[in-house]
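Supplied in structure tokens, the structure appears directly below.
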Amino acid sequence: MQVKRFFEKLIEGFLLISGSITSITILLIVIFLFKEASGLFTTPVVEEGYVLAFNKENPIKHLNAYQIKQIFDSEISNWNEVGGKDMPIEVVRLSDLTNYYTEEELGAEFEHIPAKASELTAKTPGIVLFLPKQYVAKKFDGILLDHETIRPGDFFGGKEWYPTSTPSAQFGLLPLILGTFWVSLGAILLALPFGLAVAVYLAEIASMRVRNVLKPLIELLAGIPSVVYGFFGLVVIVPFLQQTFGLPVGETALAGSIILAIMALPTIITVAEDSMRTVPRAMKEASLALGATHWQTIYKVIVPYAKSGIMSAAVLGIGRAIGETMAVLMVTGNAAVIPHTLLEPVRTIPATIAAELGEAPVGSGHYQALFALGAILFLITMIISISVELISKKKYAK
Amino acid sequence: MQSKRISQAIAFTLFKLMSYAVIVILVLILGFIISRGIGVINWEFLTAAPEEGMTKGGIFPAIVGTFYLIIGSSLFSFPIGIMSGIYMNEYATDNKLASFIRIMTNNLSGVPSVVFGLFGMALFVNTLGFGDSILAGSLTLGLLSLPLVIRTTEESLKAIDNSFREGSLALGATKLQTIQKVVLPMAFPNIITGLILSIGRVSGETAPILFTVAAYFLPKLPNSIFDQVMALPYHLYVISTSGTDIESSRAMAYGTAFVLISIILIINILASVLRNYFAKKVKMN
Amino acid sequence: MLTIDAKNVDFYYSEFHALKNINLEVEKNKVVALIGPSGCGKSTFLRLLNRMNDLIDGTRMTGSVLIEGKDIYAPGIRVDELRKEVGMVFQKPNPFPKSIFENVAYGLRVNGISDKNFIEERVVQSIKSAALWDEVKDKLNKSAFALSGGQQQRLCIARTLAISPKVVLMDEPASALDPISTAKIEELIYELKKDYTIMIVTHNMQQASRVSDKTAYFYLGEMIEYDDTIKIFTNPKELSTQNYITGRFG
Amino acid sequence: MLTIDAKNVDFYYSEFHALKNINLEVEKNKVVALIGPSGCGKSTFLRLLNRMNDLIDGTRMTGSVLIEGKDIYAPGIRVDELRKEVGMVFQKPNPFPKSIFENVAYGLRVNGISDKNFIEERVVQSIKSAALWDEVKDKLNKSAFALSGGQQQRLCIARTLAISPKVVLMDEPASALDPISTAKIEELIYELKKDYTIMIVTHNMQQASRVSDKTAYFYLGEMIEYDDTIKIFTNPKELSTQNYITGRFG
Amino acid sequence: MRHLEQEINSLRQDIIEMWRMTISQVYNAGEAILSFDKDLAMQVSMRERKIDAFELKIDSECENIIALHQPVAIDLRLVLAVLKINSNLERIADFAYGISRILLANPSLILDAELITDSKLNSMIQQVNKMLAQGLEAFETEKPQIAAAIFSEDYQVDEINANVSRKIAEYIKKNPERAYECLQLMGVFRKLERIGDHCSNIAEEIFFFTDAKILKHTDKKL
Amino acid sequence: MRHLEQEINSLRQDIIEMWRMTISQVYNAGEAILSFDKDLAMQVSMRERKIDAFELKIDSECENIIALHQPVAIDLRLVLAVLKINSNLERIADFAYGISRILLANPSLILDAELITDSKLNSMIQQVNKMLAQGLEAFETEKPQIAAAIFSEDYQVDEINANVSRKIAEYIKKNPERAYECLQLMGVFRKLERIGDHCSNIAEEIFFFTDAKILKHTDKKL
């Protein structure tokens, strides 16, 4: 008897530990994602191992990644555009030093570069010099921009995602967020009316026989892997859109929306239908018994009663669309630009992670930026989960 | 009075049309993949490794890899998930801890698969040093399917009327005996079907294995759990988007998609057969 | 004119012959109780009278049912119109998740009535008829779910009365309620028969004896006996009836 | 010695005072019925006697309950042992999804008995005591779910009898059954009191009057009156009891 | 008001009505015999059928209430008490009828004033009238103490009756030719005695109804 | 067997037992009066209390069945019939007791053989004995036709009784000194007549029980 007691306690302990595993996982996800992500904001704006240098007289103390990129792309040519004096910017890369100095001057082994770079900086007021750290002289005659790190504003407000650009990688979230938003919005606008229509049809209108055929089919489609949907989109929808709209490329936000809509349909249908089916039969019969038609019964009794379930269905559908990776990756064209219409290629957050994580060196700014994307994604889905929770609780609060 | 009938007629027709439209689309997808893929299937395709930049040969390593990943993830998620489900439904009845755990589980199930990929890479591949390996991939997939297993278990347990538990307790059984002898046997059919469906989910996931296990091309089979493997979904992704010769690997892609769908089909059929079998068994004996 | 007149009614669930040649006549403002062992077809018969059985696939009926002289199974009969004439109250209280007021107004609204004053008047009057007014008059806009089971059931009755039915069908209307609420429902039925013809299915023999004027005993789909309640309970003609009501059955 | 002896029992669900100073004594081989309006604490009291209320968080009890002289709330009491002494039958029949035989054997097995012959003997005897033998003797290995509701409930009673309890608690054991099955259960209770002490909660006043030797009337957590059933039903001491049983309540 | 309560109230009204009729029958029969009023006797005789019908009605009301409403406690006691009071009242009315029949059947039944006084016929009649009225009052007001008086009064009636045989025997001895009339008179006394007895029974039922006490076959010292 | 059935069976046993006791009381009282057997009369007198007790028992059994078991249909009719038969039987036994009391109270009640024959006392006694037995048989076998005979027999008893006054009056005229004893004898006849009446009532109740027919206050031509 005593042994039995002990044994039971032991098992209970095991069960408790298992029970806490999801919480631990969430905790770990939070820790890892946010730890890596926060690394992004200690990453220098300038490529690892390089510095930017200015003339001592130049009042500019900070440049953010986007400004740097624009300067080096010659989109900004005067310092006053970034808050400095009115003088032209002179961009000098390491390779450009040969324009100022001969090879001999720089030394056979480039051993004189540090001195020359320092000199050049000192004598050129408008200079911005992009230089590997190893060539920075001990007593460099100029301002070095080496402690500058990526600021949250740059990340969240950044309009460009160009992680491989030099000298300064661009980690602007906006195009990705907007891409995700447009694709998901399109998807949900397509999926909701159809999903709810099917749900109503299956729950109320279809005969038992029809339902018995359709229901397993929809369940089956819910199980089809996203790569298969992506593949289908790639070989069918993308060419179709390209032809129909006469587009240069078929891989567009719209293609993503369509595929996502199809993928979200089973979720929406199943959840909404289930919630309509949980409407007590008595409720329905009561309405009919009062002389309401079937349709009146549906929209006056069944749908309001299943309201929270239907809302959950919508939210879960959105969640599915936002988090979906592979299919979107395969059909949206992956252009990280802010889209203006649904007929342009876009890139979503999850697709970005999937496409780039393989190439980002561990611990690099790029790597950390991708984790930051992951963290954002995680937060969004967290919000969705919690709102679903609240919605379904509300049903009973009334 | 006539108007309420007319509006019913319009609404119902509309719903019916929309429903059939949706069903047609869904059936088209299935039909398309199956019709294009079925011709590709032959013995070689199923048993050989890819050749010539993946435009020829088969997908055997990917099938095996997927199989390993299914086994590996199930070994992790089934026991823990079932135990967790039991804990939540049977032990942590109404306290704050339980509702916290429940919220956490729901949250976890909403986390996108790519985030699992990130997390798996950070934890298993890098921090724990498993590298890209079956182990890391299985654990990642296991975590991904964990909420599903827990939810299935919990729901199966919840479906069992409390009166059965009380009936057992009232006969002098302990709580564990009650779970073991009454609750679990009753929940078993539903749990089993749930588990099988979770395998379906695992077998089709791509994003989580991208950075934790999947190999682009690996003609040999793995030797240990620390090896990389190919996997069907990743393979399909690769040959349809970034193969060396996308056009000529199309056939391979259709074949792979077909195999993936077949796995899902088989799993669904298996699940519903089991469900019916158990339902009948309960009624009959 | 008879309020209900079922003639040679046979009813099938697919193959299953659930009602066998039922003939039953009910006069205006009478309460008729249907009793009989489980599965004998009481509910089936009741639901035949407002064509609620139409909702079930594969059912079939022969014979005719006249409500106030009108054959309700004739072609061209509008089922929703019929159901306004023949109200129904169910086993478990099933108010809609709306306010008390809206619950009672529902039947009016779905039948195309939109005159506010009329609706309000009718709602109040129905709630009063259902002997619920004093208990809810201060919270007509509260959710119906906030009421107790017995109150909910009376609300469901009020809801049915609002559409001014001629006949009210009740399928074990008190079986989910405690004795006090049950007594109230029984009293209510007794009151209502002044204005309505009522048919009630009940498993509770005492209830049948207390509320009804006439009682029909069903057994295996047949109506074995149909007579004044007092006759059935003091001196039934059929031995089968006697065995059932005295508990000697089976 | 008294079989049940509850002394000054108070019971709380968190803050809610569900039972107030209940004192109730039951002699061996008596049937006691608990009646009273919904929510008055009947079930709570019943479930106190086999500590089924332990399963609910935040409950608290004061006072003492002696079963055959033993304080069942004393520290060190093994709840599972207690529950073998004090069997319980529930509102809805809840047989396990096992064979009829295994259902009845369950209690023996979980209590560590493995002697085949003994189990078999006990099972047969319990099924006989539950007046079910003739109906199931040919299908002991069939699923218990194949039985009708009334048979299932008797099976649940047999299952309880198999562990040889001293007391059998029944919480509305027939409320989910039709009148015929109900009558059988009532008959069974009448038979069982030869060997067991029985306490039954019922909403059905007639049932209380038919089956019990003594009746306790509960109201708002208090026990208003406890007396011989015939006394309660012909001449209750308290006006409140009389109002309840004559239906004048509320 | 509740349905059962309505039924019970109407039952109560009916038994009171029955009671009143019975009281009037007994009173009239007494008057008739005392004043040798054949018309009055005729009236009593003709009312008998109505009372019989009323008895049946009340009886079936009681049975219906029991069959349909399963009364318990005070309701049941009332119904059972009414059931018995009803048959007692009918019996009493029957005796009143019997008395009136005796008068009508014996046109020559001219009673000696002396015998009447001697036999205390007058006071016996008054006594039973009073007992009947008291019974009704006790029932209507539900006051068993009023009913209690009936028991001792019945005792007095019995006493009168016990002596009457002797008185009449003496009278017969003196007037043997009037033996038959005397025997008839004797019958009147017997009937009055029975009425007294039934009043006692009714009082017992009132106690049963109000206090659930069973007094039958006990000595009624309260 | 069902609980209610058991209760009803035992009620049935009890009323039959009551019936038998009553029959024996009436029989003994008759024998006693005919054979002037004071011992037998004493016996009857002593048994009276037992019968009273039995009446109470049956009464409360009926009430309990009604209160606890809500009988309907045949069960209810049986209980109601028993309730009434019971009080009739008690009444009958009461009369038997009364007859025995008359014998015991009048040591000088030596009856003239001629008067006895003339007044048909003997056959009246036999008649009521028979009626009682028939009643019991009808009840036990649930055959109302047997009970039907009782009505016509009661008619005969009434006839005998109707004539007895005259017979006795004549006798008194001849023997005025025996007026008192004759009045006592008259009491015996009255009581026998009442017994006959009660037997009729019982027969009515048997009809009510078996056929739910109410025969009271109707002419019993069946």
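So that you can tell them apart, the chains are marked A, B, C, D, E and F in the order they are listed, and the count of residues begins at 1 in each.
Basically, contacts are C-beta pairs under 8 Å (C-beta built on N, C-alpha and C of every residue); 3 or more make two chains touch, one makes a residue touch a chain.
Owing to the predicted nature of the structure, the values given are computational and were not obtained by experimental measurement.
Fitting chain E to chain F on C-alpha positions gives a rotation angle of 180 degrees, to the nearest 5. Of all chains, the one whose Cα centroid sits at the greatest distance from that of chain F is A. If you average the Cα atoms of chain A and of chain C, the two centres end up 60 Å apart.
Centre-to-centre separation between chain C and chain D, using Cα means, comes to 35 Å. Centroids of chain A and chain F (each the mean of its C-alpha atoms) stand 105 Å apart.
Put simply, the C-alpha centre of chain D and that of chain F have 49 angstrom between them.
Among the residues of chain F, those in touch with two or more other chains are 2, 4, 63, 67, 70, 72, 76. Of all residues in chain C, those touching 2 or more other chains are 80-81, 110-111, 183, 205-206, 209, 233-234, 247, listed in ascending order. Counting partner chains per residue, chain B shows two or more touched chains at residues 4, 174. Chain A contributes residues 4, 7-8, 11-12, 14-16, 18-23, 25-26, 28-29, 32-33, 36, 193-195, 197-198, 200-202, 205-206, 214, 216-221, 223-232, 234-236, 262, 265, 269, 293-296, 298-299, 319, 322-326, 329-330, 350, 353-354, 357-358, 362, 370-371, 374, 377-378, 381-382, 384-386, 388-389 to its touches with chain B in the complex. On the chain C side of its complex with chain D, the touching residues are 37-38, 178-181, 183-184, 203-206, 244, 247, 249-250.
Across the complex, chain C is touched by residues 2, 4-5, 70-77, 212 of chain F. Residue ranges of chain E in contact with chain F, taken from their complex: 49, 52-53, 55-56, 59-60, 63, 66-67, 70, 72, 76, 80, 83-84, 87, 165-166, 168-170, 172-173, 176-177, 179-180, 182-184, 186-187, 190, 214, 216-217. On chain B, the positions that touch chain A within their shared complex are 4-5, 7-8, 11-12, 14-16, 18-19, 21-23, 25-27, 29-30, 32-33, 79-81, 83-84, 86-88, 90-92, 100-101, 103-115, 117-119, 121-123, 126-127, 143, 146-147, 150, 174-176, 197, 200-201, 203-207, 210-211, 233-234, 236-237, 240-241, 250, 253, 257, 260-261, 264-265, 267-268, 272.
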